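Before we start, here is the structure in question, set down as structure tokens.
The first chain written gets the first letter, and so on, giving A, B and C; residue counts start at 1 in each chain.
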Amino acid sequence: MDIQRINPREWNCSATVFGDLVFLSGTVADNKSLPMKGQTEEVLRKIDAVLAKAGTNKSRILSATVYMADAALKDEMNQAWMAWVDRSNLPTRTAVGAALTPGTLVEITVCAAKS
Amino acid sequence: MDIQRINPREWNCSATVFGDLVFLSGTVADNKSLPMKGQTEEVLRKIDAVLAKAGTNKSRILSATVYMADAALKDEMNQAWMAWVDRSNLPTRTAVGAALTPGTLVEITVCAAKS
Amino acid sequence: MDIQRINPREWNCSATVFGDLVFLSGTVADNKSLPMKGQTEEVLRKIDAVLAKAGTNKSRILSATVYMADAALKDEMNQAWMAWVDRSNLPTRTAVGAALTPGTLVEITVCAAKS
């Protein structure tokens, strides 16, 4: 069964599609001057765009992993998450603190089902 | 193909079931006064309960990710893991240190196959 | 559907194979005296070997997660990654800093499709 690869670039691609499953890379904001909430909003917009390219959407997310440069900012991240997530179709989520590239406050990866 | 969602709550659910696959959220202990071993034991009991709701059990775990607030306590976490894991059906596991919510010593997420 | 378990040992196995999917454990270098690039090279060789045992190879990786003891060494890790990865079949990847076992500089886990 073939693997579809979305947006291949230097060392990874934005998403792989295999059968009914879609795997995304860790996604970060381009605008590093934004605070946690703004970076999370940008990341979630990017995830929407990649999911659309993969033929699915946020209502079909199976699991999400959120890495935060400062776990104390979890509530701020969560404000953006709550405004974005499909509350009728809540995914699983794991959110932990991790060391990220300087300036990056949040990195999110998801696994989704095809629509 | 439909996605079943177990225990939806505010921002995530305990597990998603898609076809033969089950994805759990990062699971933490409620009793933050417990040491690493006790928190791990509570987490693993919660994982058993969620897997049961999803129609599977620990013998069908494909992968586990363990996040520890203090990676130096890995041996203590591992004592609870070894007492719990199905040694005839060992899953893959990744265990790393990460910043967790204050008081939380361990957070575990698993992906399992339906029975 | 049965789960195949590759290299079961004390508390986990090297890989689980379920249907068309292969899940690997977090993989680390045995030679802790190596710098980041050398440890990454050793990890990637081990991943090649486990993927082969599971009946697949690096061109079929769906997602990779890279945990680095020092996220500032990401470029060095990436040199080994770039020399190894199948550039015609780029997987998704998430790379973050995390606390690892003393001496371990990098731990990598992948999910792959069967060939």
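Going forward, a contact is a pair of C-beta atoms (placed from the backbone, for glycine too) under 8 Å apart; a residue touches a chain by one contact, two chains touch by 3 or more.
Everything numeric in this text was worked out from a predicted model, so none of it was measured.
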Rotation, 0 to 180 degrees and nearest 5, that superposes chain A on copy chain B via CA atoms: 120
Interface residue overlap between copies chain B and chain C, same or different (over half shared): different
Centroid spacing, where centroids are CA-atom means, of chain B and chain C in whole angstrom: 21
For chain B, residues that touch 2 or more chains besides their own: 65, 98, 111
Sites on chain A touched by chain B in the complex: 20, 60, 62-65, 68, 70-71, 74, 78, 81-82, 85, 89-98, 111, 113
Contact set on chain A toward chain C in their complex: 1, 3, 5, 8-16, 18-19, 21, 23-26, 65, 67, 98-101, 107, 109, 111
